[in-house]
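What follows is chain A paired twice: with chain B in the first complex and chain C in the second.
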Partner chain A sequence: MIEITPLAVSAADLVVGTAPVSGHDVRLSLAPAAARYSLRARDPATLAGVIGRALPTRIGDMQGGIACLGPDEYYALLPAGERVPDGAGLPVSVVDVSDRALGFVVEGTGAAAAIATGCPLDLDRFAVGRATRTLFETVEIILLREDTTRFRIEVWRSFAPWLWHALVAAIADR
Partner chain B sequence: MLLIHCPYCDEDRAEVEFVYGGEAHIARPLDPSALDDTQWESYLYLRRNPRGRHHERWRHTYGCGRFFNAVRDTVSDVIETTYKAGEARR
Partner chain C sequence: MSGYRLPAGGRIDRSRAIAFTFDRRGYRGFEGDSLASALVASGVTLFGRSFKYHRPRGLLAAGVEEPNALVTVTRGTGRTTPNLRAPSVPLHGGLVAESQNRYPSLGFDLGAINDRLGAFFPAGFYNKTFMWPRSAWEKLYEPAIRRMAGLGESPTTRDADHYAATYAHCETLVVGGGPAGIDAALTAAEAGGRVILIDEGEEVGGGALADPGQWAWLADALARLAAMPNVRILSRTTAFGFYHQNFIGAVERLTDHLAPTDANGARERLWRIRAGEVVLAQGAIERPLVFDGNDIPGVMLAGAARTLALRYGVAVGRRVVVMAVHDSGWRDALALAEAGVVIAAIVDLRETVDAALLAAAKAAGIACHLGHAVTGVAGRKAVSGATIAPGGTGAAQRIACDALLMAGGWTPSVHLWSQARGPLRWDDSWGAYLPDKSIERVRCVGACSGDWDFGGGVAVAALPSAKPAHQQKAFVDYQNDVKSRDIELAVREGYRSIEHIKRYTTNGMATDQGKTSNLNGLRIASEALARPVTEVGLTTFRPPYTPQTFGALIGHHKDALFQPLRKTAIDDWAATNGAVFENVAQWRRARYFPQGGEDMHAAVARECRAVRDGVGMFDASTLGKIEVVGPDAAEFLNRMYTNPWKSLQPGRCRYGLLLREDGFITDDGVAGRMAEDRFHVTTTTGGAARVLAMMEDYLQTEWSDLDVWLTSTTEHWGVIAVQGPRARDVIAPLVEGIDLSPDAFPHMAVREGRICGAPTRLFRVSFTGELGFEINVPADDARMVWQAVHAAGQRFGITPYGTETMHVLRAEKGFIIVGQDTDGTVTPGDAGMDWAVGKKKPDFVGKRSMMRPDIVASGRKQLVGLLTEDPDEVLEEGAQIVADPNQPVPMTMLGHVTSSYWSATLGRSIALALVRDGRARTGETLHVPMPGKTIRAVVGPTVFYDAEGSRLND
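Let's turn to the complex of A and B:
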């Protein structure tokens, strides 16, 4: 039997008031606030120079909190409040999207199975340290595998209440 | 569920992550004003619609975000190969 806490709907309440849900070997919780950056550049070396950090080279890899989402696209998940230089005047795009998304942590031995209820990725082949944009049902997410039994899901704010409930339902149905 | 090989991610991914983008290798005329209406209509609307091998664009929208090209058999729906945008027709 799982206790299902009603989800607060306003963005402010979501940040501070969403109680974790546990059951059937899965725990779903809201990740702490983070700094998020969308990084684009045709030349990764230029971008790495601007932000002063190394970039992962293979699509789907993560390094130092930065995930390579596509050939010229990166997503940085950094401690809240951390700033990244914007590289004004250079052919790079560094955009602070901290408030665009919320992070969910799905962990436990049943985490992969709960995510697989709505995500088409082959999670058996989605190794620790990988990250990708994908779908949960019809909602766009970024899925990061932080450990064998711990995933992080980044989802746009307006989709977050729906996704939270969908994951709660997936956990309850296990 | 079809699995489609994204040439950028270099992985087989589920069809729901992709969006179809119409026939591939259609170059926009460099000087549209030099075309007559028939030529412009041909560029805008007329497609080969073959039975069999079809070169077409797909976008890995819910993945790396990239457009790429695929050769799909319009009868069997089998995707013969995929390759990066800008590469020669296969």
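Let's turn to the complex of A and C:
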């Protein structure tokens, strides 16, 4: 007869840590609150005009806190509370998604290896200043490389507890 | 076999003795030994019992192809691993290993009676014998067979270890760390790209480890690789699968080679490697020879004996005979003789062999019997002699020996190559399949490509013998106990394809996947069919190359991290306030809030009454939300949903019904027009991702001309539904900037303003049939607003309610739940929702399908209400419905119950059902047969409460 003891911790118990977690040359911490906007337009110039900011020109590039995620898609990470005009009536889409995601900072000389435990990107070829939508195991994230040894991960808030603990486990394994 | 430790030689460290146990008896080996080499050195001949006949079995091989010597290793509670191959188990202090498939002991096994009765257990025996009576299979035959036939026992406790995983990338991945693989890695590394070299052994080196002449080169080459920053060497790592576009799965064993007290961290790591080029250097596996008695302990592969002697310093016996059809057997014999092992004779089926080999053997004092075959083996638990005869049929003579080595030629390991869909070609000189023309970015080097010099030989199906095959115990597949006569029987019974022969005989279907048996089986089938091997086919190679642990494949996806459990911003409050939860898609949602000792029935009844009579509040944050923005937003929604959208004024809401192309309902929800070019669309909780993907699909592939964009805002907004006659009274003091009066803010309207200081999109909508609001606030503010509403509602007796109450309230109103009252085959007409279809619209997704003959035909199942004659009887959801309960079984089923609840409001049960021609049956009594009784119920409308909808508009 197979008898499996109950789990000490269940998925329902997972919460995003309030204090940073460090180990094996990696530090995982929660990024401060931010304003987040999903920006869409067929014509980048129109969008740039609406928001009054320059846009990166190449998919995967970041400029002034705005990442180009696709041919008509940008993701703005701005200081908390900052507002972006909505471009009513113009062929653009500006949507406030500030509360949709949480930001994690993964930094240290082991940061890339920690992220590679669950992210299929070739991080050796993911230069500083690049940003892309990708996966960590089964969870969708936006990964931004802010420096050689510092990454930011944007994750939808209900997936954040799982991702936090998956990263903690990955850091512990190395 | 009476093996012993040679006085010198091998790569073991004789200064470091290691104590371990096998079947609870203590042994000693040396640092660098495998479990197999240490046991052979201690004189052990018996390693296990065979799968079906429980025959005594010894060691056959020196690598992962080992079919017989399977052991269970226990490293503490929850750390038991069955079916490990003894040659691949590294020795460590305190190792605890046990043999398998024997009772009560390895030496005396009651199951061995099967061997005496072997004539009654031919191939296909189980299929033929245990078919009838059918009911006995599950209860009697299958458990009994499982007990008798089997490998190690599955662990029954939670795996105490944890497992890591990672992705990796390289320009060149080399699989196999023998000389060819090391050369390829060096060449690739010198070119500058990232190189990963994978080797499954304890030590990297492959065949070179059993060749002292190469040790200096090996040490130098490995040192050079280790010094290069662009090279990663993964030893103790098995590349188990080759997937699309040079994606390789590999498992690195991190701690099993250590004593449990020294083992820290993850036990294994799964490597998911994407490589620019894959170089396969998997080597080759020696083939056994098929003859009577070829499984008696002490009969083993010649190459394995060489490895034992030269790598581990272990002689397999004191008097060794070699049975060869291949030059490699002679080379191995000479190497063994040089290492100090007594070779009594070399027997070769060939009439002539290379003169140099013959001369060398004679010079070493070895008797040579050309043109002879072994026809019998003496001994049961250990070899005591071999009978040989000229041509297998001439005058027999017996040679005393305690080990008999087989050299049947070599089979290149094309496993990963074949998984990569690499083509194969038959090669007569190898008597095996070799990689054919190259495929993109994958190549084979060394023995697995056929580029290796093992010498020459002949390939034979079975050794010739005067004894007919059906009287021989000549094994082809050791691990699954398949004999040559089983394959011949399969052919006699009409099997022609090797795939069928494999399944009928189980040849090649054991945990070793036929690494030593496939080619011999193929050749025997080919001879029995009198057709060339290439016409008999070749079985497919599939991952994994060797068995891998579930733990490694699962990695961190277990226990609390099994999969994400999504929780809302209000979930904590619900947990603190005693909610009972249920999972909906990946979300967990509060199902009800029991108070005191309430059960679900009582809690839901109380919550329902509170909403109908006063006010309730509900966390609706999990609803899917999509912001549809752009000049063509209304046009886009008009094309997606069945309803008309263009006329909807900003500030107003509409219920939308979404069909698939086939005209069946796939989702629904309310959308609010926030501005001329901006909609706030909601979807079902479970449909959120699917609906967004479907919309994106149409937008990108069908209507790329539309200026409209979709953004998921599900997680941006927390949603608090406040429902009931007092809903307005509760929120009024909290809301700023919105006129809540019924005239200014009617049902199905949306306003923007502030609540408790937070920005809100306030919807006046209702899924309960009562006056209701859905407060959308940024998720960070949701908990604060929830608590403020809860506090403000206290004087009205505000009652938090869960999904169960929500379900009852909506069912009382006949509101459908997509996926519960619909099943993917329900049209708007079937659901009685023609009112939601814009008849004048030129097109929408699914419109054309609504004119299909089977959609307009009569006799479709329609959604109706059902009221049981006994008001206290609550129907089972899913129960079948018939017109006449007295029909013979199988009855004509008219439909089934989709939703059924106790309605506290109505003081009786209610149900919704999909019934054939349901609406035409209004007033008819139908029957729901249940175990022990039949329930009578009357068909009626789907709306049970406030049919006029007067309560919505208060």
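Annotations for the structure displayed:
To be clear about the criterion, the second predicted complex is superposed on the first by the 157 of 174 C-alpha atoms of A that agree within 3 Å, B and C clash if a C-alpha of one lies under 4 Å from a C-alpha of the other, contacts with A are read in each partner's own complex, and residues count from 1 in each chain.
Please note the rule applied: a contact is a pair of C-beta atoms (placed from the backbone, for glycine too) under 8 Å apart; a residue touches a chain by one contact, two chains touch by 3 or more.
Predicted model only: the values in this text are computed from it and were never measured.
Of the two partner chains placed by the overlay, neither chain B nor chain C lies in contact with A:66. Touched residues of chain A, counted separately for chain B and chain C, are more numerous for C.
When the shared chain is aligned, chain C comes close enough to touch A:159, but chain B does not. Of the two partner chains placed by the overlay, neither chain B nor chain C lies in contact with A:77.
Of the two partner chains, chain C is the only one that A:40 touches; chain B does not reach it. After overlaying the two complexes on the shared chain, residue contacts for A:101 are found with chain C alone; chain B is out of touch.
In the superposed pair of complexes, A:169 makes contact with chain C only, with no contact to chain B.
Of the two partner chains placed around the shared chain by superposition, chain C is the only one that A:92 touches, whereas chain B remains out of contact. Of the two partner chains, both chain B and chain C are touched by A:120.
Touched by chain B in one complex and by chain C in the other are residues 120-121 of chain A. Across the interface of their complex, chain B is touched by residues 59-60, 69-71, 73, 120-121, 132-135, 140 of chain A. Residue ranges of chain B in contact with chain A, taken from their complex: 1, 8-11, 13-14, 16-17, 62-66.
Interface residues of chain C, counted against chain A in their complex, comprise 156-158, 162, 164-169, 194, 265-266, 269, 272, 274, 555-557, 559-569, 575, 581, 586-588, 627, 629-631, 675-678, 707-709, 711-718, 778-781. Residue ranges on chain A touching chain C, taken from their complex, read 1-5, 7, 9-14, 33, 38, 40-42, 72, 86, 88-101, 113, 116-122, 124-125, 137-139, 156-159, 161-163, 165-166, 169-170, 172-174.
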